[in-house]
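Two complexes come next, and they have one chain in common, chain A, joined by chain B in the first and chain C in the second.
So, the complex of A and B:
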């Protein structure tokens, strides 16, 4: 709906300006505080006036904290998460759309159900599984009574243990299992002409060739947008990296930022340095958004011509 | 023959279907039983209403659908368990199914690329086919930048570039407008003459069937109603289904009773001399009825359509609808009763129960239609 009334225009503009101030204000505060010295902050509180200490503070972050290694962790987690999510979603959507599978509808519904059960809800059980990835198997063996049989036959029940806590794999894997990408690709595949698959078969291309020669090139914008979205969400994850990684060298940058606030009471945190860290950590997703904005928008629209 | 004529020339293979069946489950039987043999180089049009199993038949020949039973032989080789690429078939799809991200040249060369043909040879073959189809100027374009007719040509080029022994067409002209459809029909006929591949063309358009086919296979609910030349199908339909399906407007079918000397309509009018007794269905094409003063058969006119070249009269005869095609300019009084004369040599008689044609029903001097013989 497009309204032309002048009063509505003015109201809309005011609302927009309030929104911009609301969003840009804290960003400005971050930037200006990051450019002041610790002493200035102790005297004046958070700074509204920019100073000249931005690079000094950033140098402090790089030299005195573990933020650089934690940014590397973030990079590994976000990149692997995006890559694995794209591959898994693409393949599962391919299977659901192009192959006659029994219960394909049920499988798709189950995949979609993961959207309703985000990691934040499952964090305790996920932690349990991550602390021993064989625990579901052990539980099944116990419940079905198979372990009693095994104990009778071999003298001891089976109990397998492997913890992936505090590893990159452990940080990435729980993030990957998510239905959004599968849904996105399924919707995209359904917009393609049905005979494409048949035409490729007539041309002698098997399922794998069709996947790489036809489907992947056609879906490249969808893949790119899903990659960008998943990368950003992987980079900004807080709860799971906080729980899943225990040593500073394994934590991600966002968790590391929060840890820069000292635990001891009475000490005033070095907010300029923390803010400089925040700016530093934001640079990666920020530049990504700036460069790949096109894919982000397309990913949100979920369609392509 | 020019160089182009000989450049793409397929070794045509014959196709034989022996006891082919297709059922998705016990309830949905698409093709109960099909036996048919297509000669090498022949252009067969498979014609039928939607849901008659014609596309399924085509896809089973192509290998895109599995057969539930029976054998398919292409060039004498059993292929029903082979992958499509090993059957020597190529297919043109209804909605073109071109690869949108590839150029025209890449689209046509894709099957050769998959088959491992060298780049130089690919380029050469693409150039030959493009020249043949008038696509030489569009090789670098993407399908999205082409018109419907050009896209269809690319789809045909993609099919013939491998010089397949069998060419399959799945309603390829149904997405085109009337003028383009006519032009493509002419081009396809010409192409078939030059390439010589055994062609199977699925359509529900009787004009395409009549103009393109060497023989037409008419399918109804997975059964063959008739398999014969367009002429034989038009002039000697083997069943009421065929009679009504071919011809525009379709053949009139009237319920008649034989009393031992003549066939009578429900109101007692005699329409033909006939020695037999019992109930029959009489078929007569609209163009085989003439309106003339003193004609022995009377009908009430209900509606007239002037089509320029001729007129279609819709009349009512003994409570049944009757269509009559009259030449342009015929004097007809729309308010009066029509006096009609049925061309006696062009009557068709069908069995009331089986709906199949009764051969030699009227004229003892005329030989029985070949098609009817074949099916009895």
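So, the complex of A and C:
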């Protein structure tokens, strides 16, 4: 098709340039400021040209702050979040799609509803549950009167306590309690031809074999997409790790980075050092995007369909 | 029945498969959601100091607090400005990147980068870039003193928040909208061009109507997203200030609950915010969803 589209192509190019500058600008200023000294920043403000202090500033971050161990925490949280979300969502979607269970629709709706109310909204009570994950059980025993029976029989009611606050499990579990993965895999399973299942049955494949030998290989790219997506989401979490971890050695890198900025006004903070911290903290997720962009884009598209 | 042979019929296996996720979801989603509503009718003492049923007293207390209404109003203003910008900017970029021009390939790559940068990280960066003394606006401030100071002027702080929110919202919305644009059959464009519609006209008469489902979806998700994910930005850029001018509900709930130990008040506000978010989504589905033709 040949048509005169000069004006719109020029406009589109200008728009894209503005968009790219908007995205890359802050990243560039972060990097260039991170490579200047504190004194340079005090004299000139933010740095437009890179200097030679990048590794000195990063060294400050690595030696003087808890960022290295916090990055390890972020790694554990992001990786476990991705792995657990992929595995558990895959299994639950499998159960919903390939088994004749009476309440499949209800179960799916219950899982899907989690998308409506993000963790950030329900953080207060999620914190309370995490401070004693047996509190719902205790409440059920109290309300149903079972505890009175137990108290009569054994002399004391059941009251279990286990706090997962300030543990890796506590940081990860509320992130996994999310429906996107199940939704994504369910959509994928529904696109597969029904004959696939019938052929597998005819060949004598049971549910476990069908799951591992047929579905899992087919779902490779979906799994990879969800993995990238949930890894990034785990790495970039802020509010939950902020309240869920109370000691610096258990906090994640993003929280640690935010804590580098002093609360009090007055003296200008050591911005080059903080920016070097921002570079360090963003290095892992950014390189992941650079390497696995295909999966990320696919994951974003799949999670909406 | 043919459908019977296309499903496994085990009794306990599917339950076992779904159990781990369901357990986590019940424990960390349904129990907290229930507890927020439950506590909004009780006066909770912090540190497990007992509770007392108070009926609607918590709601009366919260609803008569002008701070709550201010925070609620700011939440709505932020939701409307930030989420519309966070959809419209990626929409324009997606329409531009959908054209066959040299820049569209690098743009499709670069515009996804913010997905890997945490809200709190970009908050720290924006706090520096928009710092009135050493940041981008510092030269202007020396020319016109007091022109830009997010530490004093609430509007400046609000603008910084919106800019940071749009920045982090670009990848998701851009990818979704671009996928929608690219799924429009080429023949549609050709047919419209035959009828004399130029490329500008086709944006409004072909592209926008056909990506309505994606546009609708990004709005639905963006409304909730803008209300909740703004926490990281507020906490790192403004700390709710100056003078509470950027204290949105999600931040106020955190401050009341974790710093003021007002569990009942925080739970009540959580319950109100949840109802608001759910109503909002329901409204969008009922009023907007109906008008959209999903057929292609």
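Rule of thumb we're sticking to: the second predicted complex is superposed on the first by the 283 of 305 C-alpha atoms of A that agree within 3 Å, B and C clash if a C-alpha of one lies under 4 Å from a C-alpha of the other, contacts with A are read in each partner's own complex, and residues count from 1 in each chain.
The rule is simple: a residue touches a chain if its C-beta (ideal position, glycine included) is under 8 Å from a C-beta of that chain, and two chains touch if they have at least 3 such contacts.
From a predicted model like this one, the values you see are computed outputs, not experimental measurements.
Superimposing the complexes on chain A yields a three-chain arrangement in which chain B and chain C fit side by side. In the superposition on chain A, contact of A:120 is made with chain C only, not with chain B. The superposition of the two structures on chain A yields an angle of 90 degrees at the Cα centre of chain A, opening toward chain B and chain C, reported in steps of 10. Applying the stated contact rule after C-alpha superposition, one finds that A:213 touches chain B and leaves chain C untouched.
Once the two complexes are overlaid on the shared chain, A:13 sits against chain C while remaining clear of chain B.
Judged by the touch definition given at the top, the superposed model places A:243 against chain C, while chain B stays out of reach. In the superposition on chain A, A:111 makes contact with chain C only, not with chain B.
Once the two complexes are overlaid on the shared chain, A:203 sits against chain B while remaining clear of chain C.
Contacts of A:193 after superposition: chain B is touched, whereas chain C is not reached. Once the two complexes are overlaid on the shared chain, A:94 sits against chain C while remaining clear of chain B.
Looking at the superposed arrangement, the partner reaching more residues of chain A, out of chain B and chain C, is C.
Least inter-chain distance for chain B and chain C in the combined superposition, rounded to the nearest angstrom, is 5, based on C-alpha atoms. The residues of chain A shared by its contacts with chain B and with chain C are 198, 201.
Chain B meets chain A in the complex at residues 59, 62-64, 83-85, 89-91, 93-101, 110-111, 114-115, 158-159.
For chain A in complex with chain B, the residues that touch the partner chain are 193, 195-196, 198-205, 209, 213-214, 217-218. By the touch rule above, chain C contacts chain A in their complex via residues 4-10, 13-15, 17-18, 20-22, 24-33, 35-36, 39, 89, 92-93, 95-97, 99, 101-104, 106-107, 109-129, 131, 133-136, 138-139, 151, 167, 170-172, 175-176, 179, 189-190, 193, 198-200, 214, 217, 221, 224-225, 227-229, 231-232, 235-236, 239, 250, 253-254, 257-258, 263, 266-267, 270, 273-274, 277-278, 281. Taken in their complex, chain A has these residues touching chain C: 1, 3, 5, 7-9, 11-13, 15-17, 19-20, 22-24, 26-27, 29-30, 33, 41-42, 45-46, 88-89, 91-92, 94-96, 98-101, 107, 110-111, 113-114, 116-118, 120-130, 133, 136, 173-174, 176-179, 182, 194, 197-198, 201, 207, 232, 235-239, 242-243, 254-255, 257-258, 260-261, 263, 265, 268, 271, 274-275, 278, 281-282, 285-286, 288-289, 293, 296-297, 300-301, 304.
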